[in-house]
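Shared chain: chain A. Partners: chain B in the first complex, chain C in the second.
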Partner chain A sequence: MKTNNVRAIPGPKAPHSRFVQFWKDYGWAYLFILAPVLLFLIFTLYPVVSAFLMSFQKYNVLHSKWIGFDNYAYMFTDNVFWKSIKNTVIFTVGTVPVNIAITFILAFFIFQMKQSWQTFFKASLYLPAVASGVTISLVWLAIFDPTASGLMNRVIGLFGLDPVLWLGQSNKALFSLMLMSYLGAHGSGIILYLAAMGGIPKSLYEAADIDHASGWTKFSKITWPLLKPTTLYLAVTGVITSFQVFISVYLMTQGGPNFATTTIAYLIYEAAFVFYDFGLASAQSFVLAGLIILVSVIQFKYFSSDIEY
Partner chain B sequence: MKFNKWLTLALVLVFVTVAAACGKQAEPPANQADGSNAGQQQDTTPDTVKVWTYPVHAAYENDIKELIADFNKKYPHIKVEYEILSWAEGPKKFDVALNAGNPPDLYFGGMNGQYVSTGLAMPIDSYMTDEIKNDFLPGTLDTMKFGGKQYGMPLYQSLWGWGANKRILDEAGIDYKKIQENGWTWDEFLDAAKKLSKTLPNGTQQYALVTDGTSIDFLDMITRSAGLVDAIDEKGNFIWNDNRIVEALGFISKLVKDGIIPKETVAIAPQKRTEMFYAGQAAIISKAIPYYDVMIANRNKDIDAGKVQGEKIEYIQLPVPHAPSVQGFGYTTGGGEGYIAFTQKGANNEQHKKNTFLVMEALSGAKAGNSANELCLPFVRKSQAKEFEGKSLAKEINIGVAKKMRENLAPQVALSIDVDKAAKLKQYREQVEKPIFQALLAGEKTPEAAAEELKNKGQQMLR
Partner chain C sequence: MSKQAKLTLLAIAAAVLMLWVVITIVPLYWMVIGSFQDSKASASFNPQMWPKVWSIAPYERFFTKTNALRWLFNSLFVSAVITVTNLFFATLAGYAFAKLKFPGRNSIFWVLLSTMMIPAQVTLIPLYVLVINVFNLADTYTAIILPSVVTVGNIFLMKQYMSTLPTSLIHAARIDACSEFGIFRKIILPMSKPGLAVLAIFTFVANWNDFFWPLLVTRSDSMRTIQVGLASFRFAESTDYGAIMAGATIGALPMIILFFALQRYFLQGITIGAVKG
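What follows is the complex of A and B.
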């Protein structure tokens, strides 16, 4: 029994003791981040790596074949691909700045209103964001009815103009989709701008008033520079969204007429689900991702700035 | 220490579960029977056959329930799990499942070379008995073949024609019975169109014909009626390189220029064209299937019941007019639709394949002829014709022309060529035919320029 009281002389530490201690200290932390990490690995990283590999293959569910850069080579020699890039760029250039301007103007006027009216307009203008893109596209499809009885044709008919084939002519279809974007989806931008406008210290305007600054000077020297981070955010997210425009094209024009509305996102869909060419679709997806990254980096480089109040 | 052990164990379990979930799908357990005992002793190992189908006609779900119940009386061990997809979203769902290696065992649709190219379409030739083959009317089984192999069984043969409002035909003095009997030429149609086009008392225009311009269905019908079976022939040779394609495009262009079809046709969607036909704004609707007979009869009932407002229509099925150079009745565009068999990635269960075929035969047998009957189409099997003898839902005036249209069905070239050529043909249709057809309808290209572009690109892609 005495031997039980004799304490063993501590030997050399077990090789895993540091690991055990690590688990003891940080185990819970790792357990908590495990779920999002697993979700990221399974639903983001694995598909991205898989799609990247697929872009070098002639995909087949049973026996894919490694074809090197053939998908990329085909894509860069395909006229439809370049048309889709051109359409996507036109759509982006034609919608993002205009939409930011519309959003800013609306927010600027709403900001001058009483709180109750601000709430009313914020809610009203945010409503389209609640409706699904599919619903909005189908409503616009009816608005762009090509016959004289179509709503948009009736509106222009009031000014004595002939009915227009909004989605049926190569030179008008893409503009019609852009018009659709001008007349909706400003809600979230307005809310961001209003929040940013509310955050500009009043003392700056008071100081400007003391210096007898004009309205334009106050806008150009105070309001606009201090809203730059919000504008940058809207520009970056707007460009990303515009580069991925798909729902309206798919539901309203299917890329036609004569590829006038074929965007890169629609081309990817077509390659994958019309032609079952998943390898080519993956290659196109990586080019789209590259373009978005490139444009975003340029935007951050040239438009971002540190704002200090 | 105890906690850490549990933590490590939990992490390992999570990783193993994830790895298993991401791994290959387990193969279904092997059945006792092999292929050698076919026809000797029935394997009664429980099995499940998955079917994805569509609302083929308004009451199709009742049909399939009854067909499965009958099947289960004989094969109680085979469970048939069916799902009725929507026409709008079903094809996408199937495409994703197929390309992920996990299609249903049976899918309802038209035969397509892309299915075969995945390697998952299942040939059923070895299960087809002579009795089954002989039950099908000549040519009907071919609509579900690809590259000489049978992959499915048709439930019916779709027929794309033109459909007319009888009142307007009568007012214009058009002898539709003669057209139904003998067919008609483009020139005869153009003569009739002069009488059918007019300004209505309310100021709106009544067109002789309305079609949608958002798909190339109309181009398909007109080129077939010009004697061109497709852009390529059965041997895979490009054939849109002679005067026939110029004539076909010239005919389409004339329809727009002369106001026989609306000038907005390029932007008219299928639903809009139906609305215009129902509103009496067009005498004839293109891509009209004999089922319009039932649809319009139902609409007439709704008008009587006050549920719908509008003019009641008496429907007349017409064939598509053909080029003067084509003799006889002219060609009809259409093809078979029915159940196609598939296997899944990694699956190799012979008994399951046999069971899949048994279910296919049950869903395509004599009683399944109700689909053709409901759709006012001629039956594809003798047993179906017998089963529904004297119960035909089609009007006598229209079933006769439907039979003639089926007898003059243009061959489906895309089913007789190899997989690569079929893929190129599909690409040609989507990326060349469609934009050129739309440019022609929009007046952005002349028929000659359109034909030249079709020819040049066709010779590059389909040589």
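What follows is the complex of A and C.
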């Protein structure tokens, strides 16, 4: 430790210079992280604590009232809350694995291509990701137009099917949002998979060839296990994103019809900024946070148990 | 794999990929092509795959009915400021976490990093109360910018990037009695240019596209960002598909141009930013 060295050579004002020395050694470092730490305290730590307290209050900017667990009690008896949980879980379970599968297959195919084609496919499959959620939602709102002139209805019309009220029917609206997610941008996942595929040593495949391993064996014993960290990353980030799906719901369905697309994030938005019930919204947000953390932990446990290098 | 099988695989791969490229691009094509057809003339939005008559009437309606130029400026200004503050603060902090030793370094870093697990919805309401009621910043640029001045994701990105830089140069500079800030400015920054470029691009795009927070803290029409403005236009003129497509195109176009201009950084940046398993 540097401070010990300072004490070993006593200066004229030993107790004072110890602080000076500490400042000289570490002052810059603390100065460099000062802004993020302050922002963390004000814009993350304080809000988390405050939200926790709010969830036990009938919140009002001027005089809040403590109501114990009433917000939580109300929430758990509210049908719409349970419906929003169900919708969110269906959306997540229905999109994340499918999107990972699509991403993986596309990446695997791109990996077989020459370098210049790889760049072309990476770039064109990434492109929609630079458009905002608002733009994408507005475009899909037009694509799902309920009349026969809507793009999606024209596509199914090619197969002789009648026009569908994609977003206007409670048994199809959530599925329509899922379909939009399947057909959206998979570019960043593809790029991550490609980077990981490029990192698998060629020697492993050569050794497998010597043992006359089949293509499937090579895939299931080499490729897939070695790509697990990437799959885990995509699964965790995918779940976190789809648990918070909001913009498409807000712009395309407003949670309807008949709450068929009300997700937890949309429910929280409504509770907070339509009905201004900040206490209830805070309680709901902690349930969302709990679910996200729970699922992330399970994913880490499940996926990382057999990753070995 | 036999040569025959390899060729078959390549053919299937190429076919699937081309199909998927079409699927991916078609929504954007539909948007652009829809924005050049005047749907107001007919009863419903019935765009042609390739219009017989090109019209800029949807763009005229979008720009005359809205404050779109102001919205674009607001987005540009807010995203640019947030990008600059992130460049400054995230590089300083990333450098400190990667290369400097100080008591509490790892615990502070892990506390910051763990906040990335907290969903935005949890902090949102108190953040809203703080910015609107306590700081009294409703409808200001400051309100939009403040919570994004420096993000943990960017600090993490810069820490990852800077830990790959050689420490020996820093030691040499320290022996030459260069100040810590001098080392940062004269040695670290010049070596970090690719990382800085990636940070700048992704931060700018993310904030240009940001919707929810600007929606909450803006009140007047002239303070909206382009995304918030587009959303309000969608509800105000919900039947004018052509003009909505024109607006959506205007909102996305700057980012699409940016993507084509800086494609290399976009495609490489994703792997730098992701957590290594």
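Just so it is clear, the second predicted complex is superposed on the first by the 282 of 309 C-alpha atoms of A that agree within 3 Å, B and C clash if a C-alpha of one lies under 4 Å from a C-alpha of the other, contacts with A are read in each partner's own complex, and residues count from 1 in each chain.
The rule is short, and it goes like this: a residue touches a chain if its C-beta (ideal position, glycine included) is under 8 Å from a C-beta of that chain, and two chains touch if they have at least 3 such contacts.
Small disclaimer: the values here were computed from a predicted structure and weren't measured.
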item: Touching partner for A:247 - first (chain B), second (chain C), both, neither; value: second
item: Touch count on chain A, higher of chain B and chain C; value: C
item: Which superposed partner A:122 touches (first chain B, second chain C, both, neither); value: second
item: Chain B versus chain C as contact partner of A:26, first or second or both or neither; value: second
item: Chain B versus chain C as contact partner of A:197, first or second or both or neither; value: neither
item: Contacts of A:239 with chain B and chain C, given as first, second, both or neither; value: neither
item: Partner chain(s) touched by A:174 [first = chain B, second = chain C, both, neither]; value: neither
item: Partner chain in contact with A:61 - chain B first, chain C second, else both or neither; value: both
item: First, second, both or neither for A:274, with chain B first and chain C second; value: first
item: First, second, both or neither for A:166, with chain B first and chain C second; value: first
item: Chain A positions touched by chain B in one structure and by chain C in the second; value: 42, 46, 61, 141, 145, 147, 273, 278
item: Sites on chain B touched by chain A in the complex; value: 1, 3-4, 7-8, 10-11, 14, 18, 22, 92, 95-96, 98-101, 114, 117-120, 213-214, 262, 264, 266-269, 272, 345, 423, 426-427, 430-431, 434-436, 438-439, 441-442, 444
item: Interfacial residue positions of chain A with respect to chain C in the complex; value: 25-26, 28-30, 32-33, 35-37, 39-40, 42-44, 46-48, 50-51, 54, 61, 105-106, 108-110, 112-113, 119, 121-128, 130-136, 138-143, 145, 147, 149, 151, 183-186, 188, 191-192, 195, 215, 228-230, 232-233, 240, 243-244, 246-247, 250-251, 264-265, 268, 272-273, 278, 281-282, 284-286, 288-289, 292-293, 296, 307
item: Contacting residues of chain C [partner chain A, same complex]; value: 1, 5, 9-10, 12-14, 16-17, 20-21, 23-28, 30-31, 34, 44-47, 89-90, 92-93, 95-97, 100-103, 105, 108, 111-112, 115, 117-130, 133, 146-147, 149-150, 152, 155, 179-181, 184, 205, 208-209, 211-212, 216, 227, 230-231, 234, 241, 244-245, 247-249, 251-252, 255-256, 258-259, 263, 266-267, 270-271, 274-277
item: Complex contacts: residues of chain A adjacent to chain B; value: 20, 23-24, 27, 31, 34, 38, 42, 46, 59-63, 80, 141, 144-147, 163, 165-170, 254, 256-259, 270, 273-276, 278
